[in-house]
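The structure is given below, and queries will be raised subsequently.
Order as written gives the chain letters A, B and C; numbering starts at 1 within each chain.
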Amino acid sequence: MSRLGPPVAAALALTAPLWLANPYYVHILIMAGIFAILALSLNLLLGYTGQLSLGHAAFFGIGAYTSALLTLRLGWSFWLGLPAGVGLAAAAGWAIGRLALKLRGAYFVLVTISFAGVIALVAQNWMDLTNGPLGLPGVPAPELGPWSLRTKGAYYELVLAAAALAWLVCRRLVRSRIGRALVALRENEPLAESVGVDATHYLVLAAVVSAALAGLAGVLYAHYTRFVSPEVFLFTYTVTMVIMVVAGGKGTLAGPLVGALLFTALPEALRETVSWQWQMLAYGLILVLLVFFLPRGIVPTLAAWRHARRP
Amino acid sequence: MLAVRDLAVHFGGVAALGGVSFEVRPGAITALIGPNGAGKTTAFNAITGYLRPTRGQVLYGGAPLTGLRPSEIARRGVVRTFQKTSVFPALTVADNVLTGLHLRGRAGLWSVLAGRAAVREEEARLEREAADIIAFVGLGHRRGEVAGALPYGEQRLVELAVALAARPALLLLDEPAAGMTGAEKETVSGLIRKIREQGVTVLLVEHDMRLVMGISDTVIVLNHGVVIAEGPPAAIQSHPDVVRAYLGTARAGT
Amino acid sequence: MEALLQHLVNGLVLGGIYALLGIGLTLIFGLMNVVNFAHGEFYTLGAYATFAALALGGVPFLVALGAAIAGGVLAGALTERVLLRPLRGESIDTVMLVMIGLWIAMQNGELLAWGGVAKSIPHPFPTAPLVLGPLSVAPLRLFVLGAALALIAGAHLLIQRTRLGRAMRATFQDPDTAALMGVRIHHVRTATFALGSGLAAAAGALLGPIFLVYPSMGDLASLKAFSVVILGGLGNIWGATLGGVILGVAEELGAGYVSSGYRDAVGFVIIILVLLFRPSGLFARAERIG
């Protein structure tokens, strides 16, 4: 079972648009994939370095706006807009990391919130560039050689590939000496420094990779909804990321994926019966309840159960 | 090897360390002793970059360490342990030591992301090195256990293993035997001797006089932030100033 | 010159409110080590409570203000008792997650209760501005400034002159010693959170009639409160008072002379700059209450 599991899951994931008759389900999977990338991105900071960023919507938005503007205004291909969006988000992550990662905990959180606030205000007020609150409609769908990735099925495969890549990046990173350095800084920073772990270097590195992944999610979002507005900076996105990571299990590789699937599918399933406000109210309560009753998250708790049941 | 010149640390207006000078000879075990509050840990913190000295210099192999970050100082071969038990509590013993081996690895971001074979080989090498170090401190049977759950004495050994993993040329031990039982202290002093035999210079702060006098080549006595005596253990034990300032108070205290 | 004076007066009114918000937050942050992301929600609560008391209860304006403050105090005490007390001793990050959860839950609770449409609070003051030489000030604004000043003075007196205030200062200095001296830390913490929330509710009740009341108004209030606290230094009440005035005036000047679209950027920029270059606040000698 455990050896067959991954290939079967991969095959199921790859063929999902074929056996999911309803395109609406494919839409949910696409959004889950985009959020999975965001959750993986946030988890790299919150889960592994222990620093909570509440400014991740800014990197998401920077990715989305960069690629949207380059493809719309300069006629660039999606395949150039994508690395540009990722790169600019990474650069912003570097700058914020350099500046803010001499701070820790609450102070770091406040700087990241403020950074996202400033970026959102710029997007709203710099009419010439961003068209302000009206947003940028008509962001082109990507093309791959002769094929357009306009259909949900095709775009799903693109998002799946990106999410798989993001997961692989995180996995390789956290299972290397770099990942050990990040965890060491979370666990005991003075001790980590005493054996030669340069705190600033590794925290900035984590911020850059994390921002790049959030930028990647932003690019994918822009070319999927084909519309970008200052709404991409909504705090809701950041909160959703935090919930996904905390619920799934921070500091694990599977946690963000589980959290992303759960918290994309669940609200959609409840959409008919429950309004958006109730959903956000529930998010808030869930976050509180998680801290009290499931502080480690779903994946580590399940793992502990399985471990305990095995003799 | 290590030369401390007129090192002073002031907190507010209070001098925790008031201009201390001493040298550590390569290959030797040097002990820094003195009553509580004499400035020993402050000196350690200033030497290893955790505190910025108010004045004075720390020279290591002739080059100044002052102003460098702790991680840079570790990179130059000067590694310290902490007075309070300091491990990575949620990690296994093996992962603790692997983390200590940080500087022994080379893999950078791109080769890690590319999943190069060289990275896997390096990981395998580091794991072997970690196993050797764990065996060296005698924790082979604890390798897979979570460090934070080990008994106190063994946590101190994990801490020692983590510091050794950084391959120090000069190892600074801050009260390595504090709170240990007699048998555990024997183990630690045996380990310190073995560490020295491997060519590592040791500077230690310790309260246990038997341990200090048993293993040190040179003893430096601090009182009220200044050096009051320096010499081989036998000379220190009979030094009148030391007896008055230090051993006297220690006896009175116990 | 006249425009400048006008901006200064408006800035002072805003500044008084920001100071109230900041004092509440800095007390909670400094004494309880709680990063209260829900602070702005108590501000919102105060505004809606005033609206409810006036529009639905039909009580006099001052009674409505009092009711709003009492509501904030009660809600604060309840929050401390139910959510924060069990988490004492947990890491500051854990508590922060809970406060983020509370923030979202409270905000969307308000949204469900009152709907998303902004409401305006009726008030008994004449709308014609008082003209004082080159200045014209709405009587409501004068009242708000006066009330804010009175509340600030009250908070200072409470902390400096009363037994509770002494217990709070002792707890801030050193909780363990304070406990040994017979201070009941649990009560002090509950009182601190209640006081902080009451001040936030007062700020909302006072500013609500000047602007509009809507469910997400607390987000900006939290932001301003954090800027004020950071400007003044953690746990520093005088710092928060001064910080509030500085932020209020800086915003009015920024909106008047730079661009009104970036008014709220002032707070963000203050947070970023102060944290990066002067993390202990502008007026910090030592971190302390009082």
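Criterion: a contact is a pair of C-beta atoms (placed from the backbone, for glycine too) under 8 Å apart; a residue touches a chain by one contact, two chains touch by 3 or more.
All values reported here derive from a predicted model rather than from experimental measurement.
Engineer: Relative to the centroid of every protein C-alpha atom displayed, which chain's own C-alpha centroid is closest?
Structural biologist: That would be chain A.
Engineer: With chain centres defined as mean CA positions, report which chain is farthest from subunit C.
Structural biologist: Checked the centroid distances; the maximum from subunit C is B.
Engineer: What's the distance between the Cα centroids of subunit A and subunit C, rounded to whole Å?
Structural biologist: Result: the chain centres lie 33 Å from each other.
Engineer: Starting from the mean Cα coordinates of subunit A and subunit B, work out the distance between those two points in Å.
Structural biologist: For subunit A versus subunit B, the centre distance works out to 42 Å.
Engineer: How far is the middle of subunit B from the middle of subunit C, if each middle is the mean of its Cα atoms, in Å?
Structural biologist: Computed value for the inter-centroid distance: 48 Å.
Engineer: What part of subunit B is in contact with subunit A in the complex they form?
Structural biologist: So the residues of subunit B touching subunit A come out as 48, 50, 69-72, 74-75, 79-82, 86-91, 95, 98-103, 105, 107, 109, 112-113, 115, 119, 122-123, 126, 159, 162-163, 165-166.
Engineer: Given the complex with subunit C, which residues does subunit A contribute to the contact?
Structural biologist: Within the complex, subunit A contacts subunit C at residues 50, 52, 54, 99-100, 102-103, 105-107, 109-111, 113-115, 117-118, 121, 124-125, 235, 239, 242, 246, 277-278, 280-281, 283-288, 290-292, 295.
Engineer: Could you pull out which subunit C residues touch subunit A in their complex?
Structural biologist: The contact residues of subunit C facing subunit A are 35, 83, 86-87, 92-94, 96-98, 100-109, 111-112, 219, 223, 226, 230, 259, 261-262, 264-265, 267-269, 271-272, 275-276, 279.
Engineer: Flag every residue of subunit A that touches subunit B in the complex, lowest number first.
Structural biologist: Spelled out, the residues of subunit A in touch with subunit B are 169, 172-173, 176-178, 180-181, 183-184, 187-188, 190-199, 205, 209.
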